[in-house]
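Look at the two complexes coming up: chain A is in both, with chain B in one and chain C in the other.
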Partner chain A sequence: MAFDVTTHAEDGVLTVRLTGELDSRAAHRFNEVIGAVPGGTVNRLVLHLAELVYLSSAGLRCLVFAQQKLGRGTEIVLVGTRPEVAETITMTGFDRSVTMQDPVDS
Partner chain B sequence: MVDQRTGTPRDRTALVVTETAHGAPELEAALAAESFSTRRADPAAVFGVDGAWAERGWGPPDLVLASAALGVNRVALIARRLTTAERGPTVVVFPEDDFEALQSCVRAGFDYVVPPFLPALLRCRLTSCWERGQLTMAVQEMAAEASLRQYERDLSVAHEIQAGFLPEELPVRRGWELATRFLPARQVAGDFYDAFELVNGRRVGFVVADVCDKGVGAALFMALIRTLLRHTAEHTAAWNLLDADEDTVLDTAARTSAVPSPVLSVGAGPLLQAVLGTNRYMARNHLRQGYFATMFFGVLDPASGSVVYINGGHNPPVLLRADGSHQLLAPTGPAVGMMPNSVYSLGHTTLEPGDRLFVYTDGVVEARDSRGSMFGLPRVLDALGTPATASAEDLLVSVESGMHHHVGGAEQFDDITMLALVRTPPEATAVA
Partner chain C sequence: MSAPRTRVDRADDVGRAVADVVTALAAAAGLDRGRAYRLRLAADEITTNTMTHGYRGAGGPVEITCGVEPDAAWVRITDAAPAFDPRGHVTRVDGPPREGGYGIHLVLTGVDEFGYEWAGGRNHYTLRVRRVRVEEGGTDGGSADRDTPRPDGARGH
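Let's look at the complex of A and B:
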């Protein structure tokens, strides 16, 4: 499934919707989106992951990179994460750095 | 003009691109006299709709004569549009009336012809333009090839250096078998395994780790993380536990067997220090680069079969009991290098005779067939369900062949690393 990323920024909240598979081939596209964010302008990153079907370790690295780039003060919220993707996030312990929400809460 | 491959003259095609309605009669006549098969097109036909050119059944011409009156930008566009992956035409500009326009094309690097277009003079000029074009192309190809060769040399050096970061031999203990596989997807990998003696040979440390991502970046971090882990483990006194960070909490919740606290086990100190120290170093110095490693680090007491371990966010290794049951050794902490102040618990288990431990990286379970379906843990468990007498090597061969069967002809995408630790059953020990 092809990877796609769409973004929307408003009032310090960057909303990113990821579709398909986030792996080493797709990583640069997500990194470009995060890299383009001017420093200190985002205090909340909301990632909609309901249509993300696969997250490899290289893909997870993107999320870690995003956290580094945006700074510890930026809250990262993962919305509607599928079980198979959530498993990778939980297994590696990255769930300790983010908030995981069901779609209804957002 | 001569066919480069055969050296024989062939049918030469020329394309005259001009916006003038009557074309460039003198030029076209001279080309005809030199037996070029000549076509005329206006620029729109060349860079109009994609594929319009090919639809007319016109192959790329050998020679393009573009009117300087089109302007340098359009001439450059025409040259680009008519260049295929294999070859590009020789592009030559000619003046209609405007010699200023010709001059700007020549400044941009295009070759040119000027009237009067007498056949013999034209042929002579075109031959030299063609030769110059061939020479430029040959030089570009040589440069590209040279830089590719340099790149390949660098990678193969990196490959050899990385091989030096894997153990030359595995520790051998009576009653135990240890086997490994290391199958990088590219020349260099982010995966690694390690096995070495600890505490004056009383313990055997073994590691399977996966640095996120792959290729050269992951390989550099592999070298760093492997070194930090091994160096710290080898240089920490057996009982040194208590200089861990104050915010590090040790608990034994991950214990899977009711024996004395693993914290008190010889070898627990080096294990904890290695993982905590590596995490601390990575978090302090490399957090911004966003590299981290998932790892399983076990310390075996060959005398008792006791294993204390830390699973830092790694795919749970499979512990197969001699009776055919199995359990998974779940993470006892997060991936190493991902966050500062990560907390790690010690896990503990015991391998009885006939028990087997299979440690692997995600490249195994995420190996895909051509339709994208993953090998998955259930198939790994199937492959591991070989007779309890199987050797460590047999286990790896079985998983490998199951994986190859599943993947079929699909290309290996991720690094694959496996380690099998088997406590040989008593009868096998007696035979040996």
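Let's look at the complex of A and C:
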């Protein structure tokens, strides 16, 4: 399933919707989006993951990169994460660094 | 079920090849969704690591075979990169987030049994997951039926 990423920025909130498979082949596309964000302009990153069907360690590194790029003061919220993807995040302990929400909470 | 040997030589092709092999294997073995996902993830991490670090991005032969046994399904990956036993490179994940080391952790904790052998100048990785039958009390609930294996070398051969 092809990877796609769309973004919307408003009032310090960057909303990113990920679709498909975020693996070593797709990671650069996510990193390009995050890398283009001007420093100090985002205080909340909301990642909509309901349509993200696969996340490898390369994708996890993208999330770590986003956290490092945007700074520790930026809250990262994962919305609608599928069970298998959520398990990958939990297995690596990265769930301790983000807030995971069901879609109805967003 | 024993699938034909799949050979990949390019880094860009290996992820798709792994996904196709595991998808077919999961259907043949009746794997639940969670185990099928973790098996694919582990195989993806091994082959991606080989292409990125073993072959230093230049590409090289990676062979994938798989099979079904009464109680398990397995994927075997063979490459000609320098010897690399992931069990000697376990990363702690209880500290702050870091950009490296997650892949090996996902391999060693994601499958029910991991085996490594260096033989004939090649790395041989074997990834095995149990087949859980619904009628025997298992579920199709993905992660819900998961027994978390320990990433220790005792499980390998």
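Throughout what follows, the second predicted complex is superposed on the first by the 106 of 106 C-alpha atoms of A that agree within 3 Å, B and C clash if a C-alpha of one lies under 4 Å from a C-alpha of the other, contacts with A are read in each partner's own complex, and residues count from 1 in each chain.
To be clear about the criterion, contacts are C-beta pairs under 8 Å (C-beta built on N, C-alpha and C of every residue); 3 or more make two chains touch, one makes a residue touch a chain.
Bear in mind that the values here come from a model prediction, so they are computed numbers and not experimental data.
Once the two complexes are overlaid through chain A, chain B and chain C clash, as defined at the top of the document. Taking chain B and chain C in turn and counting the residues of chain A each one touches, the greater count comes from C.
Judged by the touch definition given at the top, the superposed model places A:27 against chain B, while chain C stays out of reach. After overlaying the two complexes on the shared chain, residue contacts for A:91 are found with chain B and with chain C alike.
Contacts of A:8 after superposition: neither chain B nor chain C is touched. Of the two partner chains, chain C is the only one touched by A:83; chain B is not.
After the shared chain A is superposed, the part of chain B among 99-107, 117-125, 135-143 or 405-413 that runs into chain C is 405-413, by C-alpha clashes.
Touching of chain A by both chain B and chain C, each in its own complex, is seen for residues 24, 56-58, 60-61, 64-65, 68, 91-94, 97. Residue ranges of chain A in contact with chain C, taken from their complex: 23-25, 54, 56-58, 60-61, 63-65, 67-68, 83-84, 87-88, 91-94, 97.
Put simply, chain B touches chain A in their complex at residues 210, 212-215, 287-288, 290-292, 294, 312-316, 331, 333-335, 338-339, 342, 362, 366, 414. By the touch criterion given at the top, residues 24, 27, 56-58, 60-62, 64-65, 68, 91-94, 96-97 of chain A touch chain B in their complex.
Looking at the complex, you find that chain C touches chain A at residues 11-12, 15, 33-34, 37-38, 40-41, 44-45, 48, 52, 93-100, 102-103, 105-106, 109-110, 142-143, 146.
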